[in-house]
Amino acid sequence: MLRTPLIAVSYKVYSEGMGEKALRLTKIIEKVAKDFDHTVAIIPNLVDLRMVAENTELPVFAQHIDPYSPGSHTGSITAEMIKDAGAVGTMINHSEKRMILADIDAAIKRAKDLGLETMVCTNNVDVTGAVAALGPTYVAIEPPELIGGDISVSTAKPEVVSGSVEVVKRINPEVKVLCGAGVKKKEDVTKAMELGASGVLLASGIVKAKDPEKVMRSLLEGLDDSL
Amino acid sequence: MLRTPLIAVSYKVYSEGMGEKALRLTKIIEKVAKDFDHTVAIIPNLVDLRMVAENTELPVFAQHIDPYSPGSHTGSITAEMIKDAGAVGTMINHSEKRMILADIDAAIKRAKDLGLETMVCTNNVDVTGAVAALGPTYVAIEPPELIGGDISVSTAKPEVVSGSVEVVKRINPEVKVLCGAGVKKKEDVTKAMELGASGVLLASGIVKAKDPEKVMRSLLEGLDDSL
Amino acid sequence: MLRTPLIAVSYKVYSEGMGEKALRLTKIIEKVAKDFDHTVAIIPNLVDLRMVAENTELPVFAQHIDPYSPGSHTGSITAEMIKDAGAVGTMINHSEKRMILADIDAAIKRAKDLGLETMVCTNNVDVTGAVAALGPTYVAIEPPELIGGDISVSTAKPEVVSGSVEVVKRINPEVKVLCGAGVKKKEDVTKAMELGASGVLLASGIVKAKDPEKVMRSLLEGLDDSL
Amino acid sequence: MLRTPLIAVSYKVYSEGMGEKALRLTKIIEKVAKDFDHTVAIIPNLVDLRMVAENTELPVFAQHIDPYSPGSHTGSITAEMIKDAGAVGTMINHSEKRMILADIDAAIKRAKDLGLETMVCTNNVDVTGAVAALGPTYVAIEPPELIGGDISVSTAKPEVVSGSVEVVKRINPEVKVLCGAGVKKKEDVTKAMELGASGVLLASGIVKAKDPEKVMRSLLEGLDDSL
């Protein structure tokens, strides 16, 4: 497993994090990450996945996999495909790519069988408990109404983070809790860690930042402060 | 909560359990049920729901609800609609009507808010654990490959039933476990109860039976035997 | 086929058009309709369908059907179910219940096989053309951004109505064009008819009106004016 | 537009057409294609798209795009992403990746805006007509029950191919008809061309062939024979 605490940066399908810009952004993040002793994982779009993985030392996650084995599944993403492309793990069930429950379970199992980590996104404390029972590597709790906004979940709804940490401890203590939605500054990270999270997941806060290097440095300092 | 043990009979959207035939089948089931001291719930199709509920004393469940409040959701089924029609509860996430995880959670909460029971279907032990964390009234474990077949889950995969009972006890002991898929005869019921289930869920075993009365009687005798 | 021009009123899953309120609203609409020589069809929610159909002389449509035959399709709505309940037709592919293309085609065919009319909803002129090729009874063009709003499609985007009428004439002239979204007053109906529509589809304009009788009368007068 | 006749080879998400094997297979197809004066397009999986496009002179299509613009759509595939990766076009609505009608229309428009070709898959003659009305570059007719089988649509259901050619001619004559499902040998291609198709779409016939080079050569000879 990747060492925690962890900062995971998704490029979504933003034009600011696509193609050549994905490579440039990755270089910036990588450069900052080298000044710290924390894990930084990046999550480029699925078409850029291989190119980005081949050009960075940072661990790379996919944004999604389908629950299928290799075969007749035109247009789908298998665990085999992302592993072959260099990913060490995958997001599953992001709020922008919700999956039916049986498929979340199957996708986690397929990823595990190939030695891939799984970061399953959830929208509230109860769903976090449900996902914990499925045994992913991480649960990333992100209240949908806060995603892409300016207020971090750890500030706006601290009880969602602490509640998630508690329910996971009770149901499956091996699972790590990340928190996302609105993470943009140092204090968001410190607060998340205080509430018991093992890291943060963010996207626009870095990818759409005027100065991604500065933001990245600030977030990593937030991790330093929390130790 | 309905008293357990419980036998729940879904009419799916079989022609043998639709319209007038739904009423006739309900009368047969009701007649047999009166000879026993067990709970029998019926689950007619959504269009027949009100008519069947108005013509029986048996508790009636809906086959599905959507996670929406009343409003602009053309073609959807709200908890309010099924309650108004006389249902005391609803199935959620049947293998033929899978839902995304966040919607399962929302549908359970909407049903609970209206005092409706929830019977959430699952396909394996891990998913049963996940659903238990969401706190429905019942989890109905039905391995999809056995649904509609001739071998009961309690015979073909007893470990799925006992494993479900165990995981639910650990995660949320207030939840009752039903088992479905392939239930057709007395022994299927007895076996299910031995494995720790609180009842069974079946469909074709009754609805497509040559003599539904005989089968219903046999299943209820199976419950008697297990006490 | 129902005689056009046609005014179709959907109750969506509004609480104002559910259960007892559905019956009361239907009586009001029926009463007004008797004063005019036009067709008024009503579209109650799926659970109320049979009760409403049994208590009115107005033609009743379902809000949705799935493309399946009777069988193992728990929670689905078949053409057989709605016909048995008294519907003379069904909406298909409402913007709040979008379907995959192959299922729209299959649902139209299943409905036709049972002698049911089909009213397929579309979101723009091109999609209207596509649906016309599938041969439903009606295409109901409703730009999603106008649904539930205060400005009618015939006022806000007259070219969408006239364009739909043209493309249908070219591809399949037997199909009738209805227009929906924002229809609330007499002028909306007159305008729609001037643009070549065979009627209108509305929901909140009646169901959420303070005085549904008055609105209904006004819309029917709009039809009178257009002749 | 690519010159027709056209042979399009999808690698689906077969392990035989993934990663290094995708490159090797592409080299084989490219080598054979150089001996003929026909267009051969390849359709690798989405994660391999860029790598394959960078290593071949053959035109490359994506297997799927979503209807979204760049933005907050984690795990989705935009037209921008596949264009940046080197694709000249994309499949849309493959039977293994069905889309709702409004999204098919939106995806075609997004692809066109970026100068990408579109190959929309259909399951019968009526749906082919519907898709033709949306104006894609190609319609690929593939009866689902024949996909992956041993009998070609042009042999098993010639009327589906000729019917598709006719309906497209009537509704939108600029659209080219490809036919797929079960295409494996020379005669399948010749027959398809006789029926009025502008080419064929295949997958397992090449990707899972013992000798893909031989099959590819045979199919191209089939095109030669048909001219």
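First chain written, first letter: the chains are A, B, C and D, and each begins at residue 1.
Definition applied: a contact is a pair of C-beta atoms (placed from the backbone, for glycine too) under 8 Å apart; a residue touches a chain by one contact, two chains touch by 3 or more.
Because the structure is a prediction, the values reported are computed rather than measured.
The minimum number of touch steps linking chain B to chain D comes to 2.
Listed here as common contacts of chain B and chain C: no chain.
Of all residue numbers seen at the chain A-chain D contact, over half occur in both copies; the interface is built from largely matching residues.
Averaging Cα coordinates per chain places chain C and chain D 37 Å apart. Chain C has its Cα centroid 44 Å from the Cα centroid of chain A.
Residue positions of chain A touching 2 or more other chains: 95. The chain pairs satisfying the stated touch condition come to A-B, A-D, B-C, C-D. Looking at the complex, you find that chain C touches chain D at residues 93, 95, 98-105, 122-124, 126-127, 129-135, 167, 171. Interface residues of chain A facing chain D in the complex, by the touch rule stated above, are 10, 12-15, 18-19, 45-51, 63-64, 68, 70-78, 80-82, 84-85, 91, 94-97, 147-148, 203-204.
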